[in-house]
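Shared between the two complexes below is chain A, which has chain B as its partner in the first and chain C in the second.
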Partner chain A sequence: MKKIVLSLFAIAMFVTCTESDDIGESVGTSDDFNRQAMLTNWADNIIIPAIQDLSLDLETLSTDKDAFLAAPNQATLDAVRVSWLEAYKTWQYVEMFNIGKAEELNYAFQMNIYPTNSSDIKSNITSGTYDLASVNNNDAVGFPAVDYMLYALSNSDTEILEIYTSASNFDAYKTYLSDLVNQMQSLTTTVLNDWTSNYRTIFVNSTANTATSSANKLTNDFIFYYEKGLRANKFGIPAGVFSTTPFNDKVEAFYNKEVSKVLALTALEATQDFFNGKSYNSLATGESFNSYLTYLNTIRQGEDLSALINNQFNTAESKIKLLSNSFSLQVDTENIKMLEAYDELQRAVVLLKVDMIQAMNISIDYVDADGD
Partner chain B sequence: MITKLKSYLNKTENAAPLAIFRVFFGLMMCLSILRFWYHGWIEKLYIDPDFHFKYYYFEWVRSLGDYNYLLFFICGISALFIAFGLKYRLAIILFFLSFTYIELIDKTTYLNHYYFISVLSFLMIFLPANATFSIDNLRRKKSFNQIPNWTIDSIKLLLGIVYFYAGISKINSDWLFSAMPLKIWLPSKYDLPIIGNNLMQQDWFHYAMSWSGMFYDLFIPFLLLNKRTRTFAFVLVVFFHVFTRILFPIGMFPYIMIVATLIFFDARVHEKIIATMKCLLKPFRRNISTPKAQDIYPFSRRKILLPIIAIFFVFQILFPFRYLRYENELFWTEEGYRLSWRVMLMEKAGLTTFKIANSKTGQYFYADNTDFLTAFQEKQMSCQPDFILEYAHYLGDHFTAKGHKNLQVYAESYVALNGRLSTQYIDPTVDLYQEKESFKPKNWILPFKDDIKGF
Partner chain C sequence: MKKIILSLFAIASLLISCSSDDDGPDLIITELEAPATYTFARNGETTVSYSGQTTRILMGQEFVSALKDPSKTEAQLDGMFAHVEGNADFSDADLNTSSKSIRSKVAASSDFFAANTTDATAIKNDFDTWIANQVNDVFPRWDEDASAGVAGQIQEAGGGSIRYINAQGLEYNQAINKSLIGALMTDQLLNNYLSPAVLDAGGNVVDNNAETVAEGKNYTTMEHKWDEAFGYLYGTDDALNPALNQDSFLNKYLSRVEGDSDYQGIALSLYNAFKLGRAAIVANDYVVRDEQADIIKNEISKMIAIRAIYYLEQGRIVRSTGDNGGAFHDLSEGFGFIYSLQFTRKTGSNAPYFTKTEVDEYITQLMAGNGFWDVTDATLEAMSAEIANRFDLTIAQAGS
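Up next, the complex of A and B:
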């Protein structure tokens, strides 16, 4: 009887309240899952700390770059290379958050489009006039462009150092390297400042289930990143999954030749950590996809999706660990292992894009049309 | 029996309910077209995509490109003409043809609601909906107070079929005993004020909604038919459709249904509505002389007409049961699923990618769906076998034209149904490029690993 009365009350409420597109903060807390806590955990413990760390890394890179440009020698070159790699690893924790200012600025497109276009870089250097933020320069900026500037200007380190010291237009090379790093730093500062001063509040308070609410957008970003940025760019494209032949030159950090695996593993770890709500700076975990799926499963009584997804991430990781440090080399020598790693990553796409999305009832790539 | 039928067919009734039905139908359709236009969906759904998914036997229907706007314009204007009862027969024929053509351009956008509109407008071609309260009356200087009973009853019957069949299809173990898919859909409405965070999360509520939804669909036609329960039934109709409108993105349809069910009320209600409307129209009617009222609407070609209506209804009653010809689980293979009033019945999602292989060299690569399909098309394609087959052929033709030889197309497809874990959907060893669309069972769909009992 009580339930009937409550149902009737609900009915009355429905009839009286009108439809609304974005109700914002939810009322009451009898729901066992606190979505705002999830958003807060994402923003405060994962996203902002990761961008802060990237910002610090880029500062170090910038300092080392200045030292290198002031006195180009093997020691200062090595120092820039080390700080470049550190920042590049941290970047793997940031690339997936294509939301807010990052989305507005096309941040990821200005930071990590590879393969980088060496002829564009050379013509920029030669002309001396360029807008690094321009879409046309997306493949001539960011980490991949710095990779080229630090490792591939010539065949040996000695010759590379010569380019920065005694080549006819060595100043232009110096300026371009400097501009590249400064641009990355300034973009990151802009994104970070927007998060801390403004966007964080908007982000954690957008708790509705609409196409433009935080959780829905970030879920889409997360899956898109996993599918495109991680699975396709780092593995599928070089391994020739989408083409008739493999491309050994389309790997991440192609010119460095030794770190494509470490970057990929870092990216997978970042993905899994985000899925589990693990803090960037500590081992603590908070509300996340993992705990949300666990909550939904108490309603649904289905398979333990969180465990299945984590297992799949682990399987993929173990396959990646079998690969060479250089994915270029791996593609050339034993591409089948590269494809096996890809297949395991792809299995997780199915779990994320089909099962997780269905459980959360979030529309992927929001389709703006009527339903049945 | 035959005499009974004959006397039924000769019975007449006040023409007002059908006239009001016509007015609201026309206005609602015109609004729907405007809304569609306003949202930019003509561009997005019918002009932007490079490729459209076709209905079997209707592959010849093509998108008209920018002329789609003209098509929608014709559709909207004819809807307005229907509402006014101006050149009604021509208007309803044009409406039926243009609306149906639009729907046939791409089955990605298929909705039961749209099919309902096509079917209803087809039926309305044969009904004297302009007998009274129409501009045609004024022009003809004749109006008819009485029309045959069966003309109004045929609309009631069609509405009844839609509801009742929607109810029957809910009698299945997923809907009733697992409260699926409401168990997925309702908890995600946590952002509704007041009830989002508690009621929507409750197990018993999911079951209550599932069961009451089934009972509503099954019994509402009868409650509407019965004079004593009619008002109560109409309140239910309003509540049910407003409720679903709040919960789900179903556009104009709830309002259309609410207005449509008015036809169950007796003529006095409709005459009152007409009186009110006439009152509102007064400023425009000063110089118009009232048409001469005649009694019974004369049907000139009854001998052809009645068999058409009869065949139409036999088809409507039998066609939704065509799924019985297929052995596999209906929800899984969707053989005989569409055009059968299975409304909001399952939550199905998939991920399907295509391997383009060379049978001689064994070389292969995967096609990028986003190169060919919109997000909406990809979503629909990923979990429906006829889409998958059609798209596989499209890819095959595309890459053959690009010079690829000995081409084979394989689907790697995973689908999740009503909260079950996703499983492989299409046999990955079958070259879909060699398979042909037909009404035969598609044996390249992998079997469903569970059992859903019921209709």
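Up next, the complex of A and C:
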């Protein structure tokens, strides 16, 4: 008898305990917002135009790289550095879209893992045999590896030029730089072609609210990018938020030394533009997180959530603008300002990762890394 | 009769804690009051002592770090695993002068292994073999790339950590570290020190009732046994206010499970059970003592199952993204937690949730052929499901 009574209690307990737990368990849309209009705006006015622009930038980089390798001198080196930076800025508009072919190829892992591993790069150059697409080479390819190849092979431009002209194995250096740029270009072409020929249709027609639907996946990608790619990688890790000491060498574009701030600001702008549904090529805006939240009329503290998020992005931007052009220098001289910028970025994480997704009834599909 | 009433009260209080609002006065569960912290004294001096457990945890810390140092010889690693008093096996001189050893307490509990030296020996041999293989198979390939069937290094995607694996993708250092959580800490804690066979051994009950302290000590033997159980979970933590994540063993994974919102509260439940059980010993109330022991056995067994499921799930998902380095790391941790399942304890029985035979079968499945390189998703999913089912867990909750 006792056993039966206990079991009934146990069942009652189970019911009580699970009841509060079904939030975030998405089954079917709970509203009539036109998701397809949002997906179409994302694909046609933001994602595809940004990747197209990146593809063009990489074409320029490739042309300038060829000119540099054909005749390594200060002028051709300067030109390839300029086009590297242009493409790197455009990349900030693309990195967050880890979906479709990009997800399949681990595109972002092959384009922007920093700090790059200079000893892996050197050993690739020395051996001459490497698979740039190998997971082992994620930290020896992409923009950070090109950064190293253009700025860090020696202490002065004159000496860098010597490495590409008169060093004992100068051909191997040329080949590696060339392979790096060609690989970035080829990956980008693959991702772009998949969007235009195939994936766009799939993407805009996946309008349900399930874990694998387009809006759910891209919302997760967007928040993950904001939390990891932008907040942690560009600010938190160099500022030492996750370690006992700061790391002045873990900033983006470390070897260039002057552009970590402009890249970070560009990334934040890309994030905010995407949030607001702003077209890549114009000032026009379309359906977006912003309009979705407005539609849902989510009110928080008497203000709507879209405005709160935009305000928080603006606050973060104003803090970033106070930083040195070189985040390395900033970390070394006055790290507190890096931490302040990080804190403002973090405040938006809460708004996005908790308030926004609850309002939209979307679940977070990634877990925070275990860390060991 | 008292026992039934206590259980009903416990359920009532659980029910209340599950509901969202917290109205009304605190229920008094028993007449026995646990202190606010794990603090017990006699004649103004503490009676709490578990330095032997702290020592073994510290030895374990140095040992598992050394497993990733390819300059170490097999003899050096064996020396750390099976330390002999006075040998300079560790960098910490206090550990070298200690008479304790890790190996002597692997698969050595009173309930499970006192009369089963066959299994105990086989389990100790597993550890010896893993150490030998790390030195002989993995260390020589430390700087070479691994591939299916070939030991070496493998990097996690995205410029992540470099992992060192055997031909089947297994990181021996992870396998050993996580298997020790079961074979050393869990086995000693659940199946030895919380066992009535140990707590009540010899004249322990009579001595405890009469407050006859152990020779030269300020504690009764029964009090000390309970503290030794406590020490395997909190030995490097603050006993008065546990911070968790203070070692690489049970304390760390209690922190991980507590950090999963599905299981939040487990840390407090364990701490309270340790306190109340110890207070019950002081009050000579062995019914309450054993009820608390059961809570501890349940919660720690569940922790092991949750982490086994978590790593099986994460390993499978990460592998599907092409990140073998990340996946094999997860699966290597999963390997150790699965190995540890044979040291869990089903309350009201003298058995683990998974027998050694069942665990060995899982290990065989994981390591068949090229191991993690080609074990199927279906195999991994079936294992998660069986573990979840046996422990009444859900994969959705444990796996993320």
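In the analysis below, the second predicted complex is superposed on the first by the 327 of 372 C-alpha atoms of A that agree within 3 Å, B and C clash if a C-alpha of one lies under 4 Å from a C-alpha of the other, contacts with A are read in each partner's own complex, and residues count from 1 in each chain.
In this section, a contact is a pair of C-beta atoms (placed from the backbone, for glycine too) under 8 Å apart; a residue touches a chain by one contact, two chains touch by 3 or more.
All values reported here derive from a predicted model rather than from experimental measurement.
Trainee: On the A-aligned overlay, A:Ala211 touches which partner chain: chain B = first, chain C = second, or both, or neither?
Mentor: After superposing on A, A:Ala211 lies clear of both chain B and chain C.
Trainee: A:Ser243 in the overlay: touching chain B, chain C, both, or neither? Say first, second, both or neither.
Mentor: It touches chain B, and chain C stays clear.
Trainee: Contacts for A:Ile362 in the overlay, against chain B (first) and chain C (second): which applies, first, second, both or neither?
Mentor: So A:Ile362 only meets chain B here.
Trainee: Between chain B and chain C, whom does A:Asn138 touch in the aligned arrangement: first, second, both, or neither?
Mentor: After superposition on chain A, A:Asn138 lies in contact with chain C alone.
Trainee: Which partner does A:Asn106 reach: the first (chain B), the second (chain C), both, or neither?
Mentor: Only chain C is touched by A:Asn106; chain B is not.
Trainee: For A:Ile163, using the defined touch cut-off, is the partner it touches chain B, chain C, both, or neither? Pick first, second, both or neither.
Mentor: In the superposition, A:Ile163 contacts neither chain B nor chain C.
Trainee: Counting contacts the way the document defines them, which residues of chain A are shared by the two interfaces, the one with chain B and the one with chain C?
Mentor: 6, 10, 13, 17, 20, 367, 370.
Trainee: List the residues on chain A that touch chain B in their complex, please.
Mentor: 3, 6-7, 10-11, 13-15, 17, 19-20, 23, 26-33, 35, 207-210, 213, 236, 240-244, 296, 299-300, 302-303, 305, 308, 349-351, 353-355, 357-362, 364-365, 367-372
Trainee: Spell out the residues on chain B that touch chain A in their complex, using ranges where they run on.
Mentor: Answer in residue numbers: 39, 41, 44-45, 109, 111-113, 183-185, 187-199, 201, 203-206, 208, 239, 242-243, 245-246, 248-253, 343-344, 347, 349-351, 363, 365-368, 375-376, 379, 414-416, 419-422.
Trainee: Report the residues of chain A in contact with chain C in the complex, numbered from low to high.
Mentor: 2, 6, 9-10, 12-13, 16-17, 20, 103, 106, 108-109, 113-117, 135-136, 138-139, 367, 370
Trainee: Could you list, by residue number, the parts of chain C that touch chain A in their complex?
Mentor: Residues 4, 7-8, 11, 14-15, 18-20, 145, 154-160, 256, 314, 321-325, 400 of chain C touch chain A in their complex.
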